[in-house]
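Shared between the two complexes below is subunit A, which pairs with subunit B and subunit C, respectively.
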Partner chain A sequence: MIPTLLAVAVLVFVLVRVIPGDVVELRLVSGGTFVTKQVVEAERARLGLDKSLWRQFGDWMTGIARFDLGTSMWTGAPITHEIGIRLQLSLQLALMATLIAVAVAIPLGTIAAVRRGTWADAVVQVISVSGLAVPSFWLGILFILFLLSYFHWLPPLTFTPLWQNPRANLLQLIWPALAVGYRYSAVTTRMTRSSLLEVLREDYVRTAWSKGLAGWRVVRHHALRNALLPVVAVIGLEFAFLIGGLVVTEQVFNLNGIGKLFVDAISHRDYTLIQGLMLLVSFAYIVMNLGIDLMHAWLDPRIAYQ
Partner chain B sequence: MIVWPRPRPRGLARFVRKYPLGAAGGSLILVTMAAAAFAGWIAPRHPLDTDLLKMFAPPGPGHWLGTDAFGRDILSRLLYGARTALLIGFSASLSGATLGAVVGVISAYFGGTTDLLIQRLADIMISFPIIILAMAIVAVMGTGTFNLIVAIGLSFIPRVELVVRASALGVRRAPYLEAARAVGAGHRRIIFRHMVPNVVAPYLVMLTVMLGQAILLEASLSFLGLGVAEPTPAWGLMLSGAAVEFVQRAPWMAIFPGLAISITVLAFNVLGDALRDALDPKLRT
Partner chain C sequence: MITPGHAQGRRRRPVFLALVISLLVVGTAIGPTAAQQPRYGGTLNFIVSAEPPSFDAHRETTFAVLHPIRPHYNLLVKFDTQNYPKVVPDLAESWTASSDGLTYTFKIRRGVRFHDGSILTSRDVKASFDRIIFPKGDVVSVRQAMYDVVDKIEAPNPNTVVFTLKWPSPSFIPILASPFNWIYKADLLDKDPHWYERNVMGTGPFKFGEYVRGSAWTGVRNETYFVRGRPYLDGYRALFIGRAAAQVAAVRSGQALVEFRGFSPSQRDEITQGLGAKVTVQESGWLCNNLVVFNTQKRPFDDARFRRALTLAIDRWGGSRALSQIAFVGPVGGIMRPGSAFAPPETELVKLAGYGRDINAARAEAKKLLAEVGVPDGFEFTLKNRNVQMPYEYVGVFLVDQWRQIGLNVRHVVQETGPYLADLRAGNYEASVDFSCDFMDEPDVQLAKFISNDRSPANYGNYVDRTLDRLYNEESRTRDPGKRLQLVRQFEKRLLDEKIYQIYVLWWQRIIPHWTSLKGYKMTSNHYVDPDLEVLWISD
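Presenting the complex of A and B:
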């Protein structure tokens, strides 16, 4: 895990350094104002860009070891602070989207697999294949249109924490959560269906049927339990990748979360912030992978780890 | 009377009969391609023509799908937008999938340290969602159509590479490969005559899936202001700014471009699913 993370850090560091031209010049000149050489030099020194590449990388790494990702080139605030104040919103959004996805996907996927080839299967297939095609930001715009037309109401722009006013908080976040959750549940539904279809062909499922167990009992206790392993993996990986969906959805609903921070960092060319966020995204993915492995061992005792 | 068995439909006819949904997707893609190619003839107006007297005109006889905040005809912009979407979609996925396939075959064929290094790099790149990777590349290279193609294509490489490599590994130890080596075939002959034909199926399936993905990505990035720039007609761009701001006053501005994206991506996904079932049932994405 540490070597992978280190390799990610190197890649991100190199990616940000291959920019044609100088970051500082790019930023100062793009402002359209005339700048003297001294100003550029001073700014470079302030950001530590005058040091050798090895020193820069070393500084960044020692900072990371102390949970310090450096300061944002745009706002000047510590990056951990910039991320910290937005993490709550994005994390809650991600958890809500996951809940929606699981609540929708597992029943729908199960119905589709058990009633394979019927109209119910067809309906579920259409819903889930559309979920992969509809852009989440467009779904968000449609939600806004719906709320405006029927309730003359828009989700407020300022974030209300859950413990301050749970109702206002949920009313605000349910719409973006649904917009992101649709795609998420589509992926999970497809996985549930195909995984369950495979398990339903197993001998022990036929045995369960033939000894006369009730239908729901066979599906729930014998088939679904064994089919859930890959589903859990998909839920976990999609959770780690939710930042990709949040990037566009937070923009539509004007929510100040991690996704919007990332978009702002890109449009401001805030390279230190991009570096920090990329590392965080990759870290989430690596940790999630580890979590899925551990979960597998717990769900399936046959998988053992040395 | 002799009753001859009806000949089994072959090729395309068989595909259409067995996978009607996939065939429907394929036809829809052909329609979109035609719309993009003949946009100059079909479009009622030039996509950049502004008419300040007809801002936010609702769909009607003059403008079938209405006009936007500058009085530009939405139908014409959608038709020309198909050009942008398909140009970026095809270039990005073709280059990304092809490079990914080449790297995948090389990785599988040579094995050892080459394979290890390539796989580590692919693992790292895969730890980012595609859109995040594409955005980071855009941050480095800047926006614009060409840079967008590079950014999307590059982020596809590791995903295609992994799938193609897995297929190529399957034939690496095949007896006929050993036979080819025994009769003195060189690297090039073995790779092109024996390995490449075996990875064509996963390559085609991945290519179709990535095409839909690329169109969705282009729309998302353009929507965020990190893709193609105004005034180029692009579906994602049509949904940003005024479309959200005036969504209640002119809902057609938001509805039609989104429909265009969804239907096109859906068509590619459905065709990809059918191709996968037809060509390579082992592959599941």
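Presenting the complex of A and C:
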């Protein structure tokens, strides 16, 4: 894990500094005010941007070793605080979208596989292909227009934590969760269907049928469990993606999440915040991969990790 | 211009139309700020399209710090939003100027309290302006250069502040009324000059409530505010919504009553169609504009004849009619905002290159000039622009079309703000769309951008013109308004008609649709000075 994170750190540190423009110019000059070069240079020095790249990287690494990601160059607030206040929303949204996706995808994918070639399979195919074709942000815009036009109502624009006001929280997040969950479920449905179809062709399943076991029992106990191995991998990776990848959807619903923070950090050239966010997302992927591996071992006893 | 919105489409009915027309007549006659009895209570929800980088206005340049945080503070003197550009006392009770115009003495109100209960004195005012004009150590003050005229600030007693100037300046009082000049508490600045970057402590009509980063900023009524009976609102909530479509949806749904920067014509129409008479639209010329800066170090932009051909090719009057339908641009003007005190009348304006009403004649002259300079038909150059759709990209596309009509082939390169600014400051461009936005109509402020680039950091044209510098110096030190006007005209003629280092395209048009239930709001020419939440109230 540590070598991977270190490689990500080096790559991100270099890449963000290749992009032209810097945080001081954007902050002090973009408003059109007459800021002298001396003021710009003084601010650069205050942020440590006048130091050599080696020195800046060294300072950052030293901070990380102490679990200190530093402060945002744009706002001056600690990076952990900036991320912390958004992570709650992003995690909840990712979790809700995953629950919706799993609740829809596993039954639909199973029905499509078991009833392959029937009208049920065709309906599921239409639903899942539509989900793949429709971007979640576009679906989100449709939700908003629908709610606004027919109910003159819009989901709350500010985030309320679940434990403070569950109703307000769910009223805000259910719509983006549905928009994202639909696309997510389409991917998972197709993966469930194809994986289950493969397993259903296996000899041990044929044996189970021929022994006269009940159909649902064969599917549920013998086929689906094994078919879930690739599905779990897809769910895990999608979940990690959702933590920082809902850039446009968050903008559509005005959600103060990690994706929006990413965009702001890049447009502000907030180097320290971009670095912190990239480490967070990398860490999320690594943890999810580990989780997927553990799930595989639990689902398939033949898999053992030492 | 203030008009209530109107319903459109299938809901139109004669009775409804009559109602709208009568509202229009009444609304235009008396406006939304008519003498109704203000109602106390309620929370004003409004949109801010960006977030404040810090809480310290002395170091920031964006309206995003003013709209949510300014209500916690007072200024020494301020623009009266109901009678803009009149400057009125705020924390100052009154002021006097010496006969030579070099000394301004301000009497500070007695008994004004900071939100922590401590009394404001002249020491706080002096400490705040010292920080703005004479910053020490690593304190950043982006407006330091604006106050070159100030020699020293003194606080001879707790209720008096004296500013001594190096030369008499007619713009001193309006510049002092900058909405960014918040008065801080001296004790806090003494302890930590950066304290105000992350904290709030003022004397304003609203106390700090809560800030949820990326979401909202709230203020609550200051019960001990020094203006009796103010504010009217119980509080306010500034919602941070960046996307224009989400802003429109927020206003339409009633989750926000207004956005104080401005909407585009199509967004205005979307809101008025959705809300009908529940919405009132205010429009005004905006103290912002798009201009084009030429890199005078590159050929053929180093030749004034070529630059003249470029300005002659632009049909500003036609462009104003067409673009104002789709973007918040419109008014045609020179270096001063059309309609403002120092702006030329149209009879004068049309004499400047590129401002004539006969576009065919202007373009014929432009083609002759191109031939003189030796620029061939189909000559290619690049126009750089900022990736801000409204209105930069509209203006850029318009320019490309206008220059194509005199045989020039222009590549329109749209850049993200970071690289755009970097290229502009490094001189890495041939022609570039630029902009300026100010908080007051004042030649000292608007002309400063165009003096030689060794004096003005905002002049990206890479030229030195001591005549412009001289005219600027004379104008800024002349107390006779008539003579100032003459000097401004001379400056304008040299910049836009003779040398043409930079050209104006169109000034912006500010459009604010807001719920009619929001009362007391009267828009000004810029989004820095207003809103003044102290005078706003909600009718129901």
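One rule holds for everything that comes next: the second predicted complex is superposed on the first by the 287 of 306 C-alpha atoms of A that agree within 3 Å, B and C clash if a C-alpha of one lies under 4 Å from a C-alpha of the other, contacts with A are read in each partner's own complex, and residues count from 1 in each chain.
Just so it is clear, a contact is a pair of C-beta atoms (placed from the backbone, for glycine too) under 8 Å apart; a residue touches a chain by one contact, two chains touch by 3 or more.
All of these numbers come straight from a predicted model, not from anything done at the bench.
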item	value
Which of subunit B and subunit C A:Ser194 touches, first, second, both or neither	first
Partner chain in contact with A:Arg269 - subunit B first, subunit C second, else both or neither	both
Partner chain in contact with A:Val281 - subunit B first, subunit C second, else both or neither	first
Which of subunit B and subunit C A:Trp138 touches, first, second, both or neither	first
Contacts of A:Glu43 with subunit B and subunit C, given as first, second, both or neither	second
Subunit B versus subunit C as contact partner of A:Gly76, first or second or both or neither	second
Subunit B versus subunit C as contact partner of A:Ser130, first or second or both or neither	first
Partner chain(s) touched by A:Gln251 [first = subunit B, second = subunit C, both, neither]	both
Contacts of A:Val8 with subunit B and subunit C, given as first, second, both or neither	first
Shared subunit A contacts, counted only where both subunit B and subunit C touch the same residue	19, 141, 144, 148, 251-252, 267, 269
Interface residues, subunit C side, partner subunit A - complex	51, 53-54, 60-62, 138, 140-146, 197-198, 212-216, 239-243, 245-246, 249-250, 252-256, 274, 416-423, 425, 435-437, 448-449, 456-458
Touch list for subunit A against partner subunit C, complex	19-22, 25-37, 39, 42-43, 45-46, 74-77, 82, 85-86, 141, 144, 148, 152-154, 156-159, 251-254, 256, 260-261, 264, 267, 269
Subunit A residues within the subunit B interface of the complex	4, 7-8, 11-12, 15-16, 18-19, 129-130, 132-135, 137-138, 141-142, 144-145, 148-149, 194, 241, 243-244, 247-248, 251-252, 262-263, 265-267, 269, 271, 274, 278, 281-282, 285-286
Residue ranges of subunit B touching subunit A (in the complex, touch as defined)	120-121, 123-125, 127-132, 135-140, 212, 216, 219-220, 223-226, 236, 239, 243-244, 247-248, 251, 254-255, 257-258, 261-263, 265-266, 269-270, 273, 284
